[in-house]
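Here come two complexes built around subunit A, the first alongside subunit B, the second alongside subunit C.
Showing the complex of A and B:
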């Protein structure tokens, strides 16, 4: 009897100690690359989190542009002073997989399943949801609504509209208005979107073979090649040249800039879903995720706090707040059902296309060499669209260079 | 009374001068155009700032951009840090550079030339390569997010040593011989004779250092995490993202950021130009 009482008391003491430990003050750093326009909204989310979890103090730390943040993370890996949580692109952390603290196993039932399907693969390492999506945007079709009454719904229509609207308006022998525009060097995701729509991919499912130059890849690149005479190719923001472009594929996050540019150019901006390709209407999702680091300089309490923050950001009301303020898209299914989001979409009709497109989105592959592969894609896609190499030769060059990266 | 050939020569000289002034005016205009764009863009709306072709003069001046830009980040603190770090780095570098340059120019010691060659060789290593090793070293020293980390690694400049060494070498050795006869020691000779004679070159080293430190971005971002340690270039970066830039606010903040540099240049332009002319830097 006494023994049972002693065991019971010990259990109560241990539970009590654990409860006290759970509420011990803990401070974590959250490294991000959000510019000053977004920072007040990010701070609001962090403040709300600290109200919900008063024992946790979160310090958001701006680390410059995405490339600066990546550089800082790499330096911090070497120095052993990573933060508890950071905003990351998939290809930054694929080489750092071993020091990621998986968030999925610490989520409540249904939380992981609530993440939009297209975002799950790019956050899943070895079958475990390791990171979670944060600020995500999707490729959509922007068009000059004064010129295009009904946006093209298929590749064939896209080609026809691009061709018919490319024009030398003043008859001086140079094109004044292009049917479309691409940023191949800066945004090879435009090609990856066409590739997905044709049913292709860079690699096969188990990453043992390069499949980019299979039949779907050839169809995608030939379609891009057919657009060359009607495409304005640039490395700058398309919004800088919007006055001479009839329609273009660009990230949803660029909407405010595209709208301002369209207003300046004196036309009405339309937003539509991408034309349907031979196989899908997919669109590449871009943007970063949240990663928690499993490194010696972070205590278990700090890692737990970081996981709580990541989960907090996924709550429907929070991802909706972030989306309505930042221009990114909500990242969970339940968010799209939230009345606040529906009201926002009703008040901002352009969001209908973005929301619908987001639910058809796909993400980049998590191959450790994806960063280098992306460089190959951007270089070769740029050469193709500028006419420096034929589409099929360029595609085969891409495949050969990616093959070398695969063998590394 | 001028002869016909003299009058012709005078006319040619005048035409040459007019052409010369025109070209200089054109050069000035081209150099000033970005500054003019910066200044006018700082007074535009966001839409006007993005207009293509550019709108050179806004219809209405939006002075509130300066307040908006100032409030987007703690620029007061950034200005203080920029001044403190730039001045401390400049003073430190000028001091160490003078000592090292004098040793390499005027003193004899074993392995001097080899050591100097090695020192010059370090200039071949791209700074980006050293970012992470330096970051690791300073982290281990506990200098992350501290002024030491922003200042001490930058108080030695191989380029500065090279520049001053060349200048010091041009100072005749006879001066040292005469000073020694009068009982002058090396340190006195350096600070009382060599340094005053080398003011333009030292000014150039200092000015380049100040400008470099004032504009430093990557290192400051890497070495700091808290707002209280950051400098103006980090503040300017917050106006840009991967999808677009708030040009009107960025330019307003940039105007504020270059004012101290312009003031510094107005007060030191004589020495700056002399330094460039005498040291052959282009």
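Showing the complex of A and C:
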């Protein structure tokens, strides 16, 4: 009897201690690169989080541009003073996989499944959801609505519209208006989008073979090649030349800049979903994720708190709040069902296309050498679109160079 | 030998032992001077003054340099393992065509930017030295281009260079109206032929003011007596400028030359902001851009820190060799007043 009482007392004591431990005050740092315009909204989310979890204090730390944030994270890896949680690009953390604290295993049932399908692979290391998406944008079609009444819905229509709107308006022998524009050096994601739409990929599923120059890749590059005469190929921002371009594929994050440029150039800017390719209507999603670090300077309580914060940001109402304020897109499926988001889309028609496109999006692979593969893509895509090499030769060069990177 | 020394010589000879004790000092004055306790007191104080600068340099220059050299011998990742690879990183960059292209772009940039900037700076400084009415206004205006942040400058120039709406092409279109000229709009930032040249023009504009101010300060320090003497000898105007101003300005010219040479080898921000990348067909990728690309800091590349370190050691070698050459060869032509 006495023994039972003692065991019971001990159990109560232990549980009590655990309860106290769970609520012990904990402070974490959240490193980000969201500049002043975004900060009040980020702070509001953090404040809401601290109300929901009063024992956790979150200190958001603005680290400057993305490049500075990357530099600070790299330095912190060396110095051993990483924060509990940070905003990161995929390529920054592929070398840091071993010190990431996986968020997925600590999620409630259904939470991970709620993330948009296209965003899961780029946050999953070895089958484990490790990071979670945060601020995401997607490629959509921007068009001059004064010239184009109905945006093209297929590749063939895209080609026809591009061809018919390319014109030498003053008859001086130079083209004054291009059907479309590409920014191949800075934005090889434009090619990757065509590749995905043709049903292709850079590598096979287990990353053992280069598949970029298989039949879908050839279809994609030949389509790009057919557009060369009607494409303004530039390394500058497309918005810097928007007046002479009828339509172009660009990220949704560029909307404010494209809108201002279109207003200055005196035309109505339209936003549509991308034309459908031979296989899909996919589009590439880009942007940062949230990573929790598993390093000695972070206690278990701090890691737990960081996981809670990451999960809090994924809640439908929060990802919607962030999207409506920042111009990025919500990252969970349930967010798109939320009335607040539907109201926002209804009030901002351009969001309709972005929203619909987002649910068909895909994102980059987490191969450790993806950064170099992207450099190969951008260099060769630029050469192809500028006529320095034929589309098929350029594609085969891409494949050969990526093959070498695979062996590294 | 001056008079005082001659007077001393007439004094009676000192004993041989005393003179022998002085012999080492005569043969090797420095070594004996070092044994002098007062010297240690003096130079100790000097070293104390140097210490803060040395400490800062050690932490931020010497240590990073040796560290970069060490890293260049490893396959260096953010996290271990970091296997020793010998000279493999150097082999990689020497076999990378983009390294040689970047080197060529950088040399071209330096070969144009440095002499042209210096020439224009001498011209501007000479004009300012003529005693303009609004000298301080003119001086400030020229200096303004230098103290404005390079990012802001590059953004403004990006618009001036814009092929469709830019100021520069607008002026070209005005010239085009002349009957004997045939000028087309130029894609300054989007044509591999022009992209690097566009950066060069921006850099020259940016640095001319700074160099001119330093040269102007040098010119204003040249004493009037030299010009008076030249006048007596019948030299005036251009000849006085050529034979008096320029030779006596060589210390400042030398300083400006070295500083701009080293700075030009390190060009990056101008390229990155003006061209939003390394330019069409990577036509303006410079060495520092290449280093940052290998380290994954631009263009979202994979982080090959060992290769990036190897490339930066090579850049150091080039700058070091050129600076030593200048210090030994060019400095002979420097005249101090």
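Simple rule for what comes next: the second predicted complex is superposed on the first by the 408 of 408 C-alpha atoms of A that agree within 3 Å, B and C clash if a C-alpha of one lies under 4 Å from a C-alpha of the other, contacts with A are read in each partner's own complex, and residues count from 1 in each chain.
We take it that a residue touches a chain if its C-beta (ideal position, glycine included) is under 8 Å from a C-beta of that chain, and two chains touch if they have at least 3 such contacts.
Just so it is clear, the structure is predicted and the values come from calculations on it, not from any experiment.
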Is A:91 contacted by the first partner subunit B, the second partner subunit C, both or neither? second
Counting only touches as set out at the top, which of subunit B and subunit C does A:99 meet: first, second, both, neither? second
For A:236 in the superposed arrangement: first (subunit B), second (subunit C), both or neither? second
Who does A:27 touch here: subunit B (first), subunit C (second), both, or neither? neither
When the two structures are overlaid on chain A, which partner does A:369 contact: first (subunit B), second (subunit C), both, or neither? second
Regarding the shared-chain residue A:78, is it in contact with subunit B (first), subunit C (second), both, or neither? both
Which of the two partners, first being subunit B and second being subunit C, lies in contact with A:348: first, second, both, or neither? neither
Residues of subunit A contacting subunit B in one complex and subunit C in the other: 71, 74, 78, 237, 240-241, 243
So in the complex, the part of subunit C that touches subunit A is made up of which residues? 77-79, 158, 162-165, 184-185, 189-190, 195, 275-282, 293, 296-304
Subunit B residues within the subunit A interface of the complex: 46-48, 50-52, 72-73, 131-132, 135-136, 139-140, 144, 217-218, 221-222, 225-226, 234, 237-244, 246
What residues on subunit A touch subunit B, complex-wise? 29, 33-39, 61-66, 68, 71-72, 74-75, 78-81, 137, 237, 239-243, 251, 253-254, 256-257, 260-261, 263-265
Quick one: which bits of subunit A touch subunit C in the complex? Just the residue numbers, please. 67, 70-71, 74, 77-78, 89, 91-92, 95-96, 98-99, 174, 185-186, 233-237, 240-241, 243-244, 368-372, 374-375, 378-379, 382-383, 386, 388
